[in-house]
Amino acid sequence: MKNVAVFGAGRIGRIHASNAAALPGVSLRFICDPVADSAGQLAGALGAQVSTPDAVFADRSIDAVVIGSPTDTHSDLIHRAAAAGKHIFCEKPVDLSVPRAEACAQTVAAAGVACMIGFQRRFDPTFNEAKQRLSRGDVGAAEMLVVTSRDPGAPPAEYLKASGGIFRDMLIHDFDVFRWILCVDDGDEAATLYSTGSVLTDPAIAQVGDVDSTAVTIRTRKGRLAQINTSRRAAYGYDQRFEVLGSKGMLQCGNHKPHEVLQSDGTGVHGEKPEHFFLQRYRDAYRLELAHFFETLQSGGRFRTTIEDGVAAQKLADAAAQSLATGVVVHL
Amino acid sequence: MKNVAVFGAGRIGRIHASNAAALPGVSLRFICDPVADSAGQLAGALGAQVSTPDAVFADRSIDAVVIGSPTDTHSDLIHRAAAAGKHIFCEKPVDLSVPRAEACAQTVAAAGVACMIGFQRRFDPTFNEAKQRLSRGDVGAAEMLVVTSRDPGAPPAEYLKASGGIFRDMLIHDFDVFRWILCVDDGDEAATLYSTGSVLTDPAIAQVGDVDSTAVTIRTRKGRLAQINTSRRAAYGYDQRFEVLGSKGMLQCGNHKPHEVLQSDGTGVHGEKPEHFFLQRYRDAYRLELAHFFETLQSGGRFRTTIEDGVAAQKLADAAAQSLATGVVVHL
Amino acid sequence: MKNVAVFGAGRIGRIHASNAAALPGVSLRFICDPVADSAGQLAGALGAQVSTPDAVFADRSIDAVVIGSPTDTHSDLIHRAAAAGKHIFCEKPVDLSVPRAEACAQTVAAAGVACMIGFQRRFDPTFNEAKQRLSRGDVGAAEMLVVTSRDPGAPPAEYLKASGGIFRDMLIHDFDVFRWILCVDDGDEAATLYSTGSVLTDPAIAQVGDVDSTAVTIRTRKGRLAQINTSRRAAYGYDQRFEVLGSKGMLQCGNHKPHEVLQSDGTGVHGEKPEHFFLQRYRDAYRLELAHFFETLQSGGRFRTTIEDGVAAQKLADAAAQSLATGVVVHL
Amino acid sequence: MKNVAVFGAGRIGRIHASNAAALPGVSLRFICDPVADSAGQLAGALGAQVSTPDAVFADRSIDAVVIGSPTDTHSDLIHRAAAAGKHIFCEKPVDLSVPRAEACAQTVAAAGVACMIGFQRRFDPTFNEAKQRLSRGDVGAAEMLVVTSRDPGAPPAEYLKASGGIFRDMLIHDFDVFRWILCVDDGDEAATLYSTGSVLTDPAIAQVGDVDSTAVTIRTRKGRLAQINTSRRAAYGYDQRFEVLGSKGMLQCGNHKPHEVLQSDGTGVHGEKPEHFFLQRYRDAYRLELAHFFETLQSGGRFRTTIEDGVAAQKLADAAAQSLATGVVVHL
């Protein structure tokens, strides 16, 4: 039985806490959140106790912590958890600063604790099936990747101001998908990256110095090509697809729909929109990634997403921001 | 070079005449229609001459006739064409009366001329692909057939009055599909037939003694099962599908669409309706069946749809009408 | 808080027990099963106690029972539960005998307890969406229903022998779908029913006096038409679809797939098979129906599937068996 | 009646000649090709005469010429046709050299003859439907375009050597699609273009100095974004899709299939591959573009694809070649 504490009782903290509570072999012990009400409600609903980071790190019975608190608290909590010998599951990103993220990775390695970063897309049933087929060689060697990643609507400008920009906040997931699909199992990495972008949906986004529409192209050392297109607004909902061209075929990952009703009438044949947003689309993925974390802790195997993956995606986000700012291709 | 005359310059006559005119090795010589204007216009557009049945049957240079005139003229023209030694392509049905249709078949056999009946669905690219896969055993032995056959809207009550009823006018095609898919290459035939129906779209249809919605079930001698559902009205257009369950899988024939645009917006993901009606959906099929007729005349091979097929479908239509009228299962 | 006991620790009992245990406001107290090991394991995993029907019915703290034990125990447990004043959720069917099922319904009504029958398809997200659209009039008035219902493979002949036959064992769900879609909210009911069937997949099925392939046609009092086609074997898995033609359009309920990967290669474009069998396809439906049961107990509202629905579906199954045996249309 | 001569009796010349011959109001008079046999066969099959450019340009009865001869003959024939006062339909590209193409455009303008360039994709039923919906505002204002354009296999290295490279030979169509969808009706044009590419399918392609896989990103003056991904090899056939994200939705243009059979079996649900290659996929488009040419000649309206469009696409191809060669973003 692994004893666990969760940091953060907001949207993502609640998901991880519920998933942890439902896992066999896992005992959810503590919830920590500066907002006492949130912590209390969540703890109460799941049979856990409210606590503080200090108490959690001092409690020798705690095996692992799940970090679902705001981004700017991640690196501090990682350092403290590593120092206390706790295993770590941390929401993406490690930190908005690559040097600080790298420092976390070093601390974790030195402490010998596990540290998995929450790139939940690697656990999505559709994306994961595509990855497995690619690994089996079902469509031959991967040559090109096209990622479409669009949100149903932009968050408030206030949020965007502190987000680190669209590449660090939103495309960080797409950069990880790129590395997962084209690089990590092929000994490959990005060689050059070009990005461009625009504000097309809301001038308020320009006022906080960000863009809402981007087009990124990455060429790997082995010459494989990836294109990522993103928008903060898709009128039809959360659009999360990618396709891989291989030497023997293509894999396409389509959107998930809430039901399979098709309506035909005088105006056409109508299917449902994709599932609304990430909480719906990645419901299974969030559950499966936490299960993987605890199973892998138990089995001693290899984690599917490491803190090094977190740092690597962050570097691509930095490169993309630099390319957009300067208008030139970045060599990595 | 085969010299050909076409009877009928209406909707279906024009299609066959145009297709004949475009075939290599075929010379469209004459168009016959009591409506002089129609005949003249069609002949003019296709480089043919206007003529009369008498003149056509007396003309020794004519090899074949295409009968696309009204149903009640079919049997007379077949008898006369057979007597004159002309090969015959005749639109379905042979005749609304089974005994008269059988007499046509006897005359044709005695005269030794070819007589192909225009069951164009057997030449539709989708349906024909399914048939070929079935014949190759791609889904094992056929067990069940489900046919969906719906028109975009009912013809005028005037037309219905003379149509012979929905089974002879509309389901005749579906009965031929049933025989083509489950029977003709398997030494099987219908053993029992049950049909029911209703007037659900327009009371005027009841007034002419017909129904607009039917459900037919056929069991073959070998125990295979077929269900046919039809309606005179589908708000979304011409719905022409069938699916076959085999011992190793299923084949589904979907509708054809005029284009492949998919539109996603705030209300869903929208595809186009099926092609509007039979002239659009079976455009290729009409062309291919006539090409088959002349190629088979040339090669001396086996026609895909014979006058015997025409008679057999007619018998099923009669059985369906009888089952609907009496409310009991018909044994064939 | 509702205190609950579950009868049956087999496949379906385990599903209901797990779902009950996860519901807020529900306390799973007891598991009863003659197989002590099964009862013990299930109770242990869910924090409940092993008990017996006698003890459960005598325990005044128990509010409701969930009956997931073998079919031949249902009616006895219903009578005893009603006598003890417990609310009842009972798996389909009520009983293989219509008179015994009707007696259950009378007892339940007299006792004034709730009794919901587990027709879980009414809670399937896809089927339920179609029903809601139909109720809203999105495709106008319903005219025809076509149900396709195929299992991936037949159960052992031993099971079939005691199953009551394919109509009572398998099509009972499809008969309920027919009533739900075409009848219950329209003041309509079946007027005539015709069924035929064959043994096409395995001669052992004939030896126990059953069939594996059926075709059923129902005409309602209002003249609406329904066709149901079923097979005990579909090589491609669990095929659960229906489509409704309405005066203004059509609703089609497609199968659910485990993921949305589409693979294109030299042989075609390949999607995944449907979810394997009922435990996968109806996972959400089983959860939602039990939630509905307890919510409705709480709210005092109307249950979506009553014991009267269970009796009505049973009568259609009897009629289908009679039609198959006699070869004639049954008038209801 | 317009009298027409066709230059070129190869693959594309044959298509245009057949389409011209079938058009009402058009008389196909002459076929010119240095390969006498090809010219003779084509002329014979279509009821035309063999001729020479000299004779055609001297023949005052000829109204228009269709240029389907090799690329390096285009500019000379355009100059001579313009000088002779003949209207011109010319296959893409105008010329591999932008200055020579511009000279053609000037000559044509000075002569006051019509000159339409054969960008047949603008006439494809699917692409054209998307364009019309976009123009109507069905999905709001266009923001992003993603083009996927893949051939089933590379042509021989010999062909590639003289092709001008993948951008001028293959992507020229995609550049025209970009301009058609995002620019021509919005007063917009490309502002920056970045391209990268690799040899991933066949080292022989590297030996002739070309690439087989490319990723192009274009940003317009108004900030709209386009990404084009191309490969000379797709194991599943000819892949021709694009999707446009608009402020109110998305339009996706899917591939065309030869039939609509869906096969389900133990390994999945299988659809057919896309139509094999451009001659199949764009059969209708080739027919419709020539019809448009002659109708517009007749009506005096605006041609959908002008020689200026040809020059503009050529400039984008040059920019892409430059970006690939230098590794930097090109400003237009």
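Note that the chains take the letters A, B, C and D in the order they are written out, and that residue 1 is the start of every chain.
Please note the rule applied: contacts are C-beta pairs under 8 Å (C-beta built on N, C-alpha and C of every residue); 3 or more make two chains touch, one makes a residue touch a chain.
Just so you know, these numbers come straight off a predicted model, no measurement behind them.
Contact count check for C-D and A-C (C-beta pairs in contact): higher for A-C. Centroid distances from chain A, each centroid being the mean of CA atoms, peak for B.
Averaged C-alpha coordinates give centres for chain C and chain D that are 58 Å from one another. Each chain gets a centre from the mean of its Cα atoms; for chain A and chain C, those two points are 40 Å apart. The residues of chain D that reach two or more other chains are 139, 234-236, 239, 248-250, 264-266, 272, listed in rising order. Residue ranges on chain B touching chain C, taken from their complex, read 139-140, 143-144, 146, 148, 150, 192, 194, 196-201, 213-215, 217, 219, 223-227, 229, 231, 233-236, 239, 245-250, 327-329. Considering their complex, residues 234-236, 239, 264-273 of chain C touch chain D.
Partner chain B is touched in their complex by these residues of chain D: 125-126, 129-130, 133, 138-139, 248-256, 258-266, 272.
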